[in-house]
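Note that chain A is present in both complexes that follow, paired respectively with chain B and with chain C.
Now for the complex of A and B:
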């Protein structure tokens, strides 16, 4: 009864839906194809596999553990501690760099090659092109994080071992629970990493220069880290995009605390929304007539 | 180009404005506080102590250990809040095989970071050295020698009420009188509650040289002149400390006299 009355409406909705999806899908497929052809993206993925293994082998071979970093004390004798040591190091600048390599370049390279006019004369709007590029970079960020995390955790557990881990309240964490928490810790790197992805997109759109798009997020990340470590200005710590990189500490305390995780999710989402909003506004209003 | 400079300038202004606003609201907003540190340190220490005891083949429970701590940041005049490498924590616990020193606690030095994590190092007399031998004869890292911990920024911030007296000690190793027989003594007051005060009675053999009052803030050193002239014949001077606040040496301290 109601199905017959609403069926024309449904058809209209369905058609508009398919056109919209096609409008996003075509440029998305094209962007993914361009990314897959990029030598740089392949090199980043290869590095995300090989470098953690090298680091794990080198640290495992050390006679003195790197005690200055959290979990460094037992890194040479405990695989989980080593995976967390690498995590702490990666969060300093490796993760922002890995995502910026693609996100900082994807818009600016069109400027560099003078191809904006070409891509926009294909029947795609600036809006769908923007979201296609954004989704491609976000997908790449997820992929590279998964690859990096898997390579690190697998190599540390296989090379160093899976002994019970001493947590951040001195408690002993059984191996299976430790493995789960280590994987979770790597997973919660994703929100701030995507925050840096959005920041790199903004810088890429704004500067029209791939070098700025790739290097500036890393530099900004390091400055935020420095500001966050200074005593006396701790009130701004919750607003920094690097603070969520440390939110995993709470998972290894007893009792466990997740306040920093939800706070970090909010911070990352806010940075991402503001960056993407600004980038989209800039791209929409830009006068693309020249080369 | 001008647009770029304008954007960079605007960003700088925003950063400076935010920074000064934060500084204006004061540095007391830190999540690193004395009660949180005291609670976290005792929990972490207790868990690690039990683990270490198991490695040594001993069975200790967390409840029997009853660890308690008093933390203090950089001397008397500083507020006990904020990150830094100048946190000291005095901690006592009960282990029949490792009795506490006379003052009743061991001093831990903490480096606390703004991310609510810290590294603590204890007195090796009580907690052991970097490595230890486990029950199977293997040399392993001693978990208690230095350890890391993190606490929840939203955890309980009510004072724990644990206080320990400062340790009052004679720092000089010799007494060096000048040509007139005047000499002085260096005393230190360690971290703890309320600083150190009291009197020190000075004697050269059987000759009483009088008493001198002392009043020190915690974590400070002072040089006090001896109340009487050191006799030329004296080879040793004995100092008997009566601490009113703080914990003084239980037996008199005897120092040799060094000729000027």
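Now for the complex of A and C:
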């Protein structure tokens, strides 16, 4: 059925007034402002400062070091070894969780609050909003990693000490070089962490549920670690997003090997590209019917 | 000079799975008019408005807003357009002012002082620095209007702005919308309340199950409206029912609640009441059941009845 009516045809002129575009910078500022107002983000940052210090103090106070873990043998007597022990633990599930707390929520919370219709009826395109949110979560991931790494390394070195480190091949690494390598090892976490950030974004867009967006990347990370640990799956290990978390091991061998670093970079980049591509396509095509 | 309609939607259809939410509707809204889209819940009003805002893509048809289409102009379609869909939503952990500041950012900025002006207009200045999570429903509605006006729109789209408000809130919201309409804005108002549309709008589209049931002016609608119905309670309903035979223009039936329902032209109803009083029957209650336009609205949109009264089943037992 079709019908048409109009009152006495008052008409408007097509004008170019009120033509304003927010571009990318304005929604980016808006997302950062929202993030700064959220207790959750503040709690994550606070946790990234406090928890490493507590862990360092607890391990340092133990009479028997955790010998069955990488660098665990020296963790109670060498600050660099302890910082690497914490790194190994954080890579298992802490880092995916820390980034997913924001990335898994940032799209789904718009569904939760019903605010898609609020922001998408302004002069900002879906694409701009998508990239603003993505850049915000990526920036937050970098910030959390820097805070976590700084808190861990500083507390380890200050509480346990900065003696020369015994490398994986038994070589002695001078303190200055050990500090550089430990910092580099933490930096190596960034690509897979961003991979998990993008995965969380995808799950946030797909599920429209913050709980799924936050928890699922952690669970997926654990499953990947499990798969990577079992025998007979060497062919798929390089493609797992958790494998790059171990790429730093080669930095402490003699001679050093950096192949896993570049492989990890590629793997992480692929996960980022695929996850973001799928998330972007979903958001672009989606009908906003809720809220 | 390029002359355009504020809204020019042609042959718009949207289907969700097996459900046809909007079926080939066409709506034209001229500049400066206050246009109502009316229909019961599920009629397709909100889906149509969501398509207008680009939140939903139509399966077919074109929607031109202030001369622009989504395909050609993208988000530029919304230049000069403000409004909200269903109840406006905000970030509860931010204050009202922070929400508006953020939305202004997404608009590419606003002129200085406008934010305070719109807060004043909706009488939210004093509560603007409280978190939205603590706002009442009515305050959020008003903040929604403020957020819409922040865009300095030429076309204001309001989807059931008085929905869920208490009577005082409804009165205030209607007064606000009338004030905005009086300022020369083009207003597209969606509602399921005939009174609201009748009070505010010049033209109306009535929707039923995704299709257009009526298009036209409010005055044209009034000419189509049936006689009003009245609920009448007397000291002797049996005798009152018998006396109704002296007024053949009226339809008088017994209501299940032991009252009478009187339907017919206003002068005949008045004459009937005079007859009752003259015969010593006292009136205990006398209320209009529906306004004529309400009755017409139900006729146009209700699947279960094509009668003018709200208790059509009783009409089958009618006696004159």
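By our rule, the second predicted complex is superposed on the first by the 267 of 291 C-alpha atoms of A that agree within 3 Å, B and C clash if a C-alpha of one lies under 4 Å from a C-alpha of the other, contacts with A are read in each partner's own complex, and residues count from 1 in each chain.
Methods note: a contact is a pair of C-beta atoms (placed from the backbone, for glycine too) under 8 Å apart; a residue touches a chain by one contact, two chains touch by 3 or more.
All values derive from a computational prediction rather than experimental measurement.
In the superposition on chain A, A:71 makes contact with chain B only, not with chain C. Contact with neither chain B nor chain C is seen for A:58 once the two complexes are overlaid on the shared chain. By the touch criterion defined above, A:38 reaches chain C but does not reach chain B.
Using the contact criterion defined above for the overlaid structures, shared-chain residue A:289 touches chain C, although it does not reach chain B. Touched residues of chain A were counted for both chain B and chain C, and C has more of them.
Of the two partner chains placed by the overlay, only chain B lies in contact with A:246; chain C stays clear of it.
When the shared chain is aligned, chain B comes close enough to touch A:260, but chain C does not. In the superposition on chain A, contact is made by A:114 with chain C only, not with chain B. On the chain A side of its complex with chain B, the touching residues are 65, 67, 70-71, 73-74, 77, 166, 168-172, 206, 228-237, 243, 246, 249-250, 252-255, 257, 259-260.
Remark: chain C residues 1-6, 11, 16, 23-33, 35, 47, 50, 53-57, 66-67, 74-76, 78-86, 88-94, 98, 102-103, 105-109, 147, 151-154, 186, 202-203, 205, 211-212, 214-217 touch chain A in the complex. Chain A contributes residues 1-15, 17-23, 26-27, 29-30, 33-34, 37-39, 113-125, 287-289, 291 to its touches with chain C in the complex. Listing the residues of chain B that touch chain A in their complex gives 7, 18-19, 22-23, 25, 27, 29-32, 40, 43-48, 51, 82-84, 113-117, 140-141, 143, 146-155.
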